[in-house]
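Presented sequentially are two complexes of subunit A, the first with subunit B as partner and the second with subunit C.
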Partner chain A sequence: MNFIEVKSLTKTFGNVTALKNINLKFEGNKIYGLLGRNGAGKTTLLNIINNRIFPDSGEVLIDGVTAFENDYAQRNVYLMSEKNYYPLTMKVNNVFKWTNEFYPLFDMDYAKELTAKFGLNPAKKVKELSTGYNSIFKIIIALSVNTPYILLDEPVLGLDANHRAIFYKTLIENYNANPKTIIISTHLIDEVANVLEDIIIINQGEILKNESCEQLLTQGYTVTGSTTTINSFIADKNTIGYDTLGGLKTAYIYGSVDKSELPTGVEISKLDLQRLFIQLTNS
Partner chain B sequence: MYMKTAIKYKIWENKRPLMIYYGIIYTILVASALAITSADNGSISVSGIEFASMIFIFISGLNYFGETFRMFLQNGLSRKTLFISFVFSIIPITAFMAILDSINSLIMGYITNYKSLYLQFYHPRYVESSGTGLQFFEGILWSLFAYAMLAMLGVFITTLYYRMDKKQKLVVSIGFPLLLFVVLPMLDNSFTNGAIFRGIGDSFAFAWGYQHGFNPYYSMLTCTLFFIFFGGLAYLLIRKAVVQE
Partner chain C sequence: MNFEDERPIFAQIAEEIENGILSGAFPEDSQIPSTTEISVRYKINPATVLKGMNLLVDSNIIYKKRGIGMFVAQDAKSKLMQKRKDQFYENFIVRVIDEANKLRLPKEEVQYMLERGFNR
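Presenting the complex of A and B:
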């Protein structure tokens, strides 16, 4: 059994339901995108998988065994979270040293290589790192621990464009050299879209979509034309949203298109992931 | 394997504070020894420096939880492993301190008129005994049990505060001292004619072995029971602790 299974997971904080009866399966050696708006429940889900918080009900299985209070199951998972959990006064190289103790498959040479690649000073204390370098320091650990499951919660937070490019490139290289399950939770959907195989869209604690990226994007299309033409074209279509600019209207439609049906003056294009996400979660 | 690493981490974490602490202690002891030996009228004396160790270990206990909890969760360790690593790291740390403090007391006793805290409590037990071997051994044991109990008390207090919300913290922080230092003495004065504090005093004398020929094994047993009691409470609090964002 090589998967993380989330069964009937519910979590509430006071009177806010963060997760509502979630059922999911993260299969082995795949890159998942966990997408959702702020407060959708992404971090809560990742924190529960990593045993940082407890659900109200439901369970999480890692390779068939419970994830809760289980050192052996958690040995297979590494969660890089937005918040820092390392001692602030500890030096980066000491964090690497201790990660190596806790995760025996941690590749110290690779971590040092990435440290140089990203320009991180390992002699610095965690508290001395800027927001961007704090993310880089955690990215380096996540990519070096060699666990079968890596969960990345907002990995590119505070990273400049150059560092983000290095990160995506390194992530793909790492995955190709050593396939594993990577779950990326991020708001920068456009950037990450190219590396994702499967997409899970979570909205207000519920799973809205759980499909392959390719499948998801072929399920809809975009049409642009004059407002009158588009209005009449979309009348019997499953429209998930639209934008209007002057006399021009762009509509986002779910379903397949019969190109012979297209009125003259209407342009058709693919949905992009970010637009689809915005439309789906724009409630 | 994870347990061994967790214990190793906790001991490593305490290494630096211990080095700083004993650096200060040795500076004080050497300065005191020099001052005492050069003063001819015996006007200077130093004793009971173990009390500083007690404060140090208690404060260490107060710092035992928060940062380590986050570090261990980040590294996939369960709360159970966390708690067991606390217990098994407290023991070698306090044993090290107890041995070192007893050796310091012994050396200082030879050079100066130094009296250890243990000897101040249990001196009558050794009045008729000429050898210092038993006194030294029992001193180590007594310090070990007392230090371990204080460390666990610190762990319990810090986990209690970690789990409480703001209102609960306020109630406990104000309510407990108020109960202990205002309400209880008032009740004792007004209604029980001193019976409450006499009872506390008697219980202390019993638990400390004063009523049984200044027997330190009574206090060791008392410390063990409190260690288990505070440890049990701390475990119940740690068991369901979650990261605070």
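Presenting the complex of A and C:
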């Protein structure tokens, strides 16, 4: 039973409902993208899975057993979060040693290798790290703990383009060598799209989409043409948004389009993941 | 690899390997890069790469040696050549004519342009 199962999860903060009756299953050895706008509920979901906060109702099972107040189950999960939970005055290499105590499979040699690869100074104190290096420091721990589930909440926050490229490459290398379930929550959708196998889009506390990246991408289209032509063409289609430019209209369609029924003068193109995400979550 | 391309990534992977075979970079009976190598090189999910590879296995362009890797089939190059020729009409000629019609270019002018292209 290698999966994380989220059942009927609801969480409110005061009068804000962060998660509304969420049901999900994260299968073993897959890379998931958890996408959502700011405040959509991504971090709340990850925090509940990792037992950092409690839900109002519902449950999370890790390999079939409850995730709540269960150290045995949580030993299989590592959450890299945006918030820093490490002692600020501790040096990076000491945090590695300390992490090793909690995660016996922590690979110290690999952590050192990645430290050199990213150019992180291991003698620095946690509080001395820049935003980018703070993320890198946490990425290194997440990739070195060797748990079957790693949850990465905004892993590339503050990373420059070169470091992000190293991160994606390292992630794929790590996944190839030691397959595991990786859940990535990020706003840089374009960059990560090819790394992801399945996509979960969460919007205002609810699951909007949960399917393979490839499947999702086959369903997003834009059609552009004169406003009257486009209006009649999209009448029976699931239109998720549109733009106009003078008499020219671009409509965003979710669903399948039969290219042979396309009226003359209408240009069709596919939506990439980021543009599709924007249209689906525009409110 | 051109990720601006609208086709699914796995289809682009398959085509990229085909291009390698057609150009002679991957000769017949030679081993092609592994799923891992390709996925790391292009930062693509290995499941996607595998899907592209399987397309080529299914059409007998490459074959699997268990425990070793993927190899280029004996007649892969001639097969691919034939396949690309078959696609040439659909992928290029039809599109040229569609675009010409859109621009109201008469047939004679298109034929003249083709001639000019050959005489470059």
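The definition used in the following text is that the second predicted complex is superposed on the first by the 281 of 283 C-alpha atoms of A that agree within 3 Å, B and C clash if a C-alpha of one lies under 4 Å from a C-alpha of the other, contacts with A are read in each partner's own complex, and residues count from 1 in each chain.
Heads up, the rule we're going with is that a residue touches a chain if its C-beta (ideal position, glycine included) is under 8 Å from a C-beta of that chain, and two chains touch if they have at least 3 such contacts.
The structure presented is a predicted model; accordingly, all values stated were derived computationally and were not measured.
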{"item": "Which superposed partner A:P87 touches (first subunit B, second subunit C, both, neither)", "value": "first"}
{"item": "Partner chain(s) touched by A:E214 [first = subunit B, second = subunit C, both, neither]", "value": "second"}
{"item": "First, second, both or neither for A:K270, with subunit B first and subunit C second", "value": "second"}
{"item": "Larger contact residue set on subunit A - subunit B or subunit C", "value": "B"}
{"item": "Which of subunit B and subunit C A:A40 touches, first, second, both or neither", "value": "neither"}
{"item": "Partner chain in contact with A:W98 - subunit B first, subunit C second, else both or neither", "value": "first"}
{"item": "First (subunit B), second (subunit C), both or neither touched by A:R52", "value": "first"}
{"item": "Touching partner for A:E173 - first (subunit B), second (subunit C), both, neither", "value": "second"}
{"item": "Which of subunit B and subunit C A:R75 touches, first, second, both or neither", "value": "first"}
{"item": "Of all residues in subunit B, those that touch subunit A in their complex", "value": "2, 5, 8-9, 67, 70-71, 73-81, 240, 242-243, 245"}
{"item": "Touching residues (chain side subunit A, partner subunit C) in the complex", "value": "30-31, 165, 168-169, 172-173, 175-176, 194-197, 213-214, 217-218, 269-270"}
{"item": "Of subunit C, residues touching subunit A in the complex", "value": "3, 6, 8-10, 35-36, 39-40, 42-48"}
{"item": "Touching residues on subunit A, where the partner in the complex is subunit B", "value": "47, 50-54, 69-71, 74-75, 77-79, 81, 83, 85-87, 98-99, 101-103"}
